Amino acid sequence: MVYITRRETFAAAHRLYKDGLSDKENFEMFGKCSNPNWHGHNYTLEVVVAGEINPTTGFVLDIKHLKKIIHQNVISKVDHKNLNIDTDFMRGLIPTSENIVVSIWKQLVDKIPGGKLFSVKLYETENNYFEYRGE
Amino acid sequence: MVYITRRETFAAAHRLYKDGLSDKENFEMFGKCSNPNWHGHNYTLEVVVAGEINPTTGFVLDIKHLKKIIHQNVISKVDHKNLNIDTDFMRGLIPTSENIVVSIWKQLVDKIPGGKLFSVKLYETENNYFEYRGE
Amino acid sequence: MVYITRRETFAAAHRLYKDGLSDKENFEMFGKCSNPNWHGHNYTLEVVVAGEINPTTGFVLDIKHLKKIIHQNVISKVDHKNLNIDTDFMRGLIPTSENIVVSIWKQLVDKIPGGKLFSVKLYETENNYFEYRGE
Amino acid sequence: MVYITRRETFAAAHRLYKDGLSDKENFEMFGKCSNPNWHGHNYTLEVVVAGEINPTTGFVLDIKHLKKIIHQNVISKVDHKNLNIDTDFMRGLIPTSENIVVSIWKQLVDKIPGGKLFSVKLYETENNYFEYRGE
Amino acid sequence: MVYITRRETFAAAHRLYKDGLSDKENFEMFGKCSNPNWHGHNYTLEVVVAGEINPTTGFVLDIKHLKKIIHQNVISKVDHKNLNIDTDFMRGLIPTSENIVVSIWKQLVDKIPGGKLFSVKLYETENNYFEYRGE
Amino acid sequence: MVYITRRETFAAAHRLYKDGLSDKENFEMFGKCSNPNWHGHNYTLEVVVAGEINPTTGFVLDIKHLKKIIHQNVISKVDHKNLNIDTDFMRGLIPTSENIVVSIWKQLVDKIPGGKLFSVKLYETENNYFEYRGE
């Protein structure tokens, strides 16, 4: 069993707020992250797949193929997008990094050939990152 | 003459577009950066000050003081903000990194004691960065 | 279960030596790390908390709150300090990174609301890092 | 149980190809990585050892000693080498990162005093990395 | 005048040697870099262009366009290549980073619209980098 | 003229204080950096040499030779040392990064064959760095 990781980046806008709360209440809960005019991040995404080495190719999974799966299912829906408005798989969720990382897992989990999804990591800033392993 | 550099980060939303152009025309000029729903970045800012070493302190300028100047004049106006809407010193400008870096220079150039502003650098992503030296 | 990580840094002096050994014996055991005049590091600390997502906030734990817990219990006691002399929770221990990382775990383990401490990582240099998971 | 990690780097040439296949067939399987004239990488290697803290030294294992073990058994055989031709422990294997990381594990697993090998990680580029834990 | 920088990476094999010298003489001059079986690197390239901001777009030069120029003239000729054999613009030169960085400058200098080439930087490893400014 | 840069690191302890001032006065001037029990940093040093390419070797200066010059004249005197006590070339100076970077320049300026010293850069933390060019 070898773990292979592909790193991708995307730039997105978002706002943390809860429907039904006032701007003041949202500010109390989310601080400056609730700015009604949005803010944004360069997110770094790491997708970890675990599997056996295919003796014919020496690969668990051709990482160029993994890159395509990530782009088609995730990057195309979040890069240069607004996570609250534009991203179908975030609909109805507060776009905290916790919710984003779980949603990206759900986007990818049944689409990995030759291995199984082991972990999704999301770096929101250089100081804060988040991981989900399907547990 | 020693050059001292302070690095800060901020997270902001923006959109590249020109008033008077249609969304289609803006897309032709700015591509996915013109998304009407915004996108955003973790920007990294480096401010370089040049000056003589003060023999009493061994400093060109106490870097804690430089940090305060940058926070008061720049970071407080851009961090967790929308650069098109919230930032007074970007009003009327397309918020390209070129325009941002020149505007940050103008915010800082007359506020540096004990040295003179030498350069402002802005990293928009890990692959694209921009510098202005007042030339 | 989502894993959230907060990264902090601190700058500290230390010396590796064992009471009762001569400087020569300490040098044989610890090499240049036993310099009687001290040396120091920029340490990077990562604190990983595991927990369920709170459906009201979308957070496992507000990372600003985690930051405060780390500052109050760890950073305030190690940043710009001498780990052999100034840090109460290192008293009586050789300040190897192994001992530091376990001691930081003990400082934090019973202070994390809304999740449980999963891992503490300490980078002493860009080439050496250390992790403790309470095992 | 503390996990200690030593990071090392090496620069090597390699080519992905399968004996018995034509250049065209190799290109179909491995793309530009099958260039018959070779290409190369700056690899980053991380070796993780797990063990109890020795109360006399405060170390799991003196990391200078771990460094020597890695240099003698791995770095000396891969740094500034061709992984297909020069490296004895890669003989007969396609030098994918998956195969390299498992082979480095085998080189090291029975040579770690005072702890046991927990993980070997290999970064081929800033976007692709690979881990083996002996599972 | 704003300086804009685009960062790209490429992976290549090379060997430092001088025609007409024996392997032993090449080893005396170039050390392990003269390995007849080649070695390789992940190179990082930074291309700096200086120019005035175009008031219509807010750009010195659309960085997506700069990226295309670099790919067409440089990356396509060096990525997953052997710099001694495959790269037309390195023919007859010892592929030291000094010679590579000057050759990349010559590839790019007359192809930059809306600004002029200011600097080319090449990182061979995390510890060694090289810059040419056409001086 | 090509600029070649060698990066090195060292770990050192220091304290900012002025002889003749009380601990309280030193604290007013230098804040937590004046801790009488010292603190420390992982410093990163970059040495930039400018010169013509030697047509025989393709080098400005063999970077392995530059590394040796830096180790002999600088690293051996600062790594795992106390900059206030152990380092001959810092005697009588407050060990601010400004004073350290100028002193390292003086150590190196007349010892570079085949090129001339262009710049010395010193990173004290990931947020603060300092450069001296002999101006």
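For reference, chains read A, B, C, D, E and F in written order, and residue numbers begin at 1 within each chain.
We take it that a residue touches a chain if its C-beta (ideal position, glycine included) is under 8 Å from a C-beta of that chain, and two chains touch if they have at least 3 such contacts.
This structure is a prediction, so every number in the text was calculated from the model and none was measured.
Asks: I want to compare two interfaces, D-E and C-D. Which one has more contacting C-beta pairs?
Replies: D-E
Asks: Give the pair among D-E, A-B or E-F whose set of contact pairs overlaps with that of B-F by over half, matching residues by number.
Replies: Match found for B-F within D-E, A-B or E-F: E-F.
Asks: Could you work out which chain's C-alpha centre is the most distant one from the centre of subunit B?
Replies: When every chain centre is compared against subunit B, the largest gap points to D.
Asks: Please report how many Å separate the Cα centroid of subunit B from that of subunit E, as a whole number.
Replies: Spacing between the chain centres: roughly 29 Å.
Asks: Subunit C to subunit E: how many Å between their CA centres?
Replies: Centre separation, subunit C to subunit E: 41 Å.
Asks: Taking the mean of the CA coordinates per chain, how far is subunit A from subunit E in Å?
Replies: Spacing between the chain centres: roughly 34 Å.
Asks: Touching at least two other chains at once: which residues of subunit C meet that condition?
Replies: Within subunit C, the residues that touch at least two other chains are 126.
Asks: When you draw the chains as points and link the ones that touch, which shape shows up: line, ring, star, complete, or other?
Replies: Shape = other; not a path, cycle, star or full graph.
Asks: Mind listing each pair of touching chains for me?
Replies: Those chain pairs satisfying the definition are A-B, A-C, A-D, B-E, B-F, C-D, C-F, D-E, E-F.
Asks: Mind listing the subunit C positions that touch subunit F in their complex?
Replies: So the residues of subunit C touching subunit F come out as 9, 11-14, 32-33, 35, 37-42, 79-82, 85-86, 125-126.
Asks: Note which residues of subunit B are touching subunit E in the complex, please.
Replies: Result: residues 16, 18, 29-31, 93-99, 101-102, 126-133, 135 of subunit B touch subunit E.
Asks: Which residues of subunit E touch subunit B in the complex?
Replies: Per the touch definition, subunit E meets subunit B at residues 1-8, 53, 56-60, 63-64.
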